[in-house]
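Below you'll find the structures, each written out as structure tokens.
What follows is a pair of complexes built around subunit A, which joins subunit B in one and subunit C in the other.
Showing the complex of A and B:
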């Protein structure tokens, strides 16, 4: 690998020192994945099967930060998926779950080292996880709506072998 | 147990059609005015705890919340107002002095709003600031009696000066009364915009030494955090004799707010109350003040200007004349509208005089005595907008101090509960859950925006007067006219009435 090779892979990172634990990221994630993307009230009150939030704020006061799918370079969930619903885009590296093929076996949840996949029991019973708001266009909903700029999108820098060893394995 | 007569000050209106029970308000209110009822499966509110800080209103994603003054009314009484009655109930229950935060909120006249500015019309053309250069740069410090020039250069060295890109500085707010994030935001903004900020009496935190060239370090009566490194870290040293919000009494930081970092920076034990005594216990006369001024000059090798900050009180002109003759390079006058983290309500609302009158009186007296060049005058105590700044300079100020304006920029909503340490905006608190709410990256952007906006407005007003440099406005009382003022007021301000 070249030194300092910057891929076109992007990830969402959290700044825990400015996360205020309000969980507005969770609210906006729900809205962005509901059928009422521009109406928070309708998304919450009218949706028959309100989607789960794909971001979860981990908290041990005063530390808190939003955690979602890391879209790993080597995604264990894709390998674990028995139907092939979990796929990784070779260019962007974004891992998405095709809910029409997902059978809710939860093997991906067992395989995920970060615990960011959730079980969605409403309706068809599928695995629910961050899709980087690919369908929405623009910034992911959580990043756009954080009131204290505690989430940001940044390009992943691909590490060379020395840096990788220094960090004790592949860092994302 | 006897009756508590206290009733709620505010009501919380929650629009049931808009509330989605997301619980953001529950998580964000440090006063616990909102809570989630598991049994009812919805968010409920206890308005008795609400202080009207608007945190929940601002964060609510559906704008479902609104805070209003509580509808409970006493029988109409122009003398025994609701506040007058409630203050008695409070003191009957606690036996203590009433505490409050921020500045005097009583309806005394605001002299800024009784002064009008000139504009050029026919005989003296106005200047367009977008097309002509405008100078807002100011130098604070002692100026010599006259300039001796030899071979096109100054023959003698000037006394030390502070260089300001614009005539605005952030006033003293101690680390302890406000959070480290708030201090960092002002320090970085001052650094990036070529102005100064003031440490206040809380000492200088080690993370802020890098902004030293834009820092005024304060030596107050408690001498918190004062050591040789501290004195040499800043660009100037300010001796705090008094502050506008509580003239004549000392500061008090409750022990609860003195956690590890505050303790280290102030050089006092953790958990101990930080009490600043009323006089400096080594300054009991003007000669003692001269001694301290020169002790500080010796300690810093005469390389830094020494400022003396006083509250605007009776005979302020004579006091300033004495301070100038005692060797100060800058005098900062803080009017009675000045803010604070904690002060007794009666002192805040009844002691001191307006900075507008004090400023005019001091500038006139120093000019009459022929010593106006010996000090730069800085004024503060509710400078609310760029027009106030222009008027202050026209009355005689070299620069202004802003504090409440800076806090509002960073999120303050003037709820006046700073002394509780539960500031929901992360400003007047040391609680780590709350201080994270003030993101310095965002605050620096907002403070910089304010400075840019005000600079532009000041240039427009100057251009309108046909002036292109701030030094042509300083003390230029001809640019002001009074409106709705008595003859006496006009006399003290040294300005004519509108129409004259």
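Showing the complex of A and C:
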């Protein structure tokens, strides 16, 4: 039995009060998921298929905010996924979609309470979502490049896979 | 102590993951009459249509059983269960003892009486072996009749279209997908089928399957004869309770379970398509034969088999189905009823249709055709039964999202983010 397992789960949150709606988060998300992860110009100019941004910005002036996958403790998308492509890392809690196994049935879009999974038609029609920039060592490009610190990473303690009330804040 | 799971699909996988979250050591045995590594049943249509390979049918990675320390007995049918001695009799004569048993035997095809069912080239459309047989006859230029224009029948149609098979689909009802679509939505979907040269015959049934040893056509109720090379039966699915049907366990349409997935027999659980479940929108026990429900029921059963106290009582119907690239998503109720307010938006020039069912200022169902993005926000409204008075006018608006929520509702939602 490992009922006392405690782990830290990271989440990206937005502060709508300081979001300026510049959409740099989208730009840097595109770069981070392109083949030119460190070169914004090449990412936009040279990518044969410029990736979709996995963060979306909602905006009705004067309000705006970025929104991306919450990497839920009870990820509805993972449990609804009909292929098993959508999976959660048991240690980090990060939810990723194995696009090679995704068939674009959109059941995850039906299930996601935050509406943050996109339909990506650029390749072979798959679901596209935030992967917490695990390729960049888990430091999300949207957070790093937000000019007004409207996006931040918070750490939430999870006890036995059920969220505890306790928060170990690392708010930026 | 030992756990036995009969079945190897979604509910069984949910149960394995539910068990191993709390108990990493007690032996678990999975028994299935199918000889395959756990695979995704709904992917059979994508396999037949050439979108996924057999290797990509797996529902969990190949090391899944090993990583979870599971003993598998695949390709071996369970014949009966002896509840007093707590054993399962297998077809090879072996008796498998259990401390806790999960029945996850899924669904089986429902086939109404019609003549000529004993001929060759008549197939069901549920399992891997069904499509392995179908792919041999579904060659370019062949002719197929699909009986049943609901979810699985239309996925069969889609796969056959992709194989360049000429398809006629027949349904007894007056529109396709009658339980999910209304007339407006069904007309949009029918147009998609027509664009792909699929013939749709409604208000009709098959009286007799024609041909000598092999199916060669069908004779319909109205006297029409249609030639074909093979037939797919996709009329419906029933709970596969065969294993336990005369065993004294309580069965209604499916095996009756409580919110912990316990059946009427001590230490016996049931989950997935074989079981009923509480549909909290309909406020009654019924079959909820969809993947998310099967997973949650399995996971709940698994956790409780280890002595946990997990409940699952907020299931409801939800489906996402791209039909030949026409996305269709629906959840909750999907028919006009007395006392249910309907808000709908139909844009014929774009073939988009959105319909919302509201009861007492709470969302109880919706249907989206073509513009399906962010559908899960609506699903969540059904799940939470929150008061949506403030959102009524923006339901279905282009770009609908949290921006349309009143600030306090939005902040709570977004700040809470992710908590189960």
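FYI, the second predicted complex is superposed on the first by the 148 of 172 C-alpha atoms of A that agree within 3 Å, B and C clash if a C-alpha of one lies under 4 Å from a C-alpha of the other, contacts with A are read in each partner's own complex, and residues count from 1 in each chain.
Operating definition for what follows: a residue touches a chain if its C-beta (ideal position, glycine included) is under 8 Å from a C-beta of that chain, and two chains touch if they have at least 3 such contacts.
Note that the structure is a prediction, hence the values are computed from the model and not measured.
Chemist: Consider subunit A as the common anchor and indicate whether subunit B and subunit C clash or fit when overlaid.
Modeler: Once both complexes are aligned on subunit A, subunit B and subunit C fit side by side.
Chemist: Identify the partner contact of A:106: answer first if only subunit B is touched, second if only subunit C is, both if each is, neither if none is.
Modeler: Only subunit C; A:106 stays clear of subunit B.
Chemist: Check whether A:44 is in contact with subunit B, with subunit C, with both or with neither, and answer first, second, both or neither.
Modeler: first
Chemist: Could you tell me if A:149 is touching subunit B, subunit C, both of them or neither one (first, second, both, neither)?
Modeler: In the superposed model, A:149 contacts subunit B only, not subunit C.
Chemist: With both complexes superposed on chain A, which partner does A:84 reach: first (subunit B), second (subunit C), both or neither?
Modeler: A:84: touches subunit C, not subunit B.
Chemist: With both structures placed on chain A, which of the two partners, subunit B or subunit C, ends up touching more residues of subunit A?
Modeler: Looking at subunit B versus subunit C, the one contacting more residues of subunit A is C.
Chemist: What's the minimum Cα gap, in whole angstrom, linking subunit B and subunit C in the superposed view?
Modeler: Superposed on chain A, the two chains' closest C-alpha atoms are separated by 15 Å.
Chemist: For subunit A, what residues appear in both contact lists, the one with subunit B and the one with subunit C?
Modeler: none
Chemist: Where on subunit A is subunit C touching in the complex?
Modeler: Of all residues in subunit A, those touching subunit C are 1-3, 9, 11, 13-14, 16, 56, 58-60, 63-65, 67, 70-74, 76, 79-84, 100-101, 103-115, 117-119, 156, 161-163.
Chemist: Show which residues of subunit A lie in contact with subunit B when the two form their complex.
Modeler: Of all residues in subunit A, those touching subunit B are 17-24, 27-28, 40-41, 44-45, 61-62, 145, 147-150.
Chemist: Of all residues in subunit B, which touch subunit A in the complex?
Modeler: 17-18, 20-24, 27-28, 59, 61-62, 431-433, 436-437, 439, 441-442
Chemist: Can you name the residues of subunit C that touch subunit A in the complex?
Modeler: 14, 21-24, 40, 42-43, 46, 51-52, 56, 58-61, 291-292, 295-296, 299, 318-322, 327, 329, 331, 372-377, 379-380, 383, 399, 401-403, 407, 410-411, 414-415, 417-420
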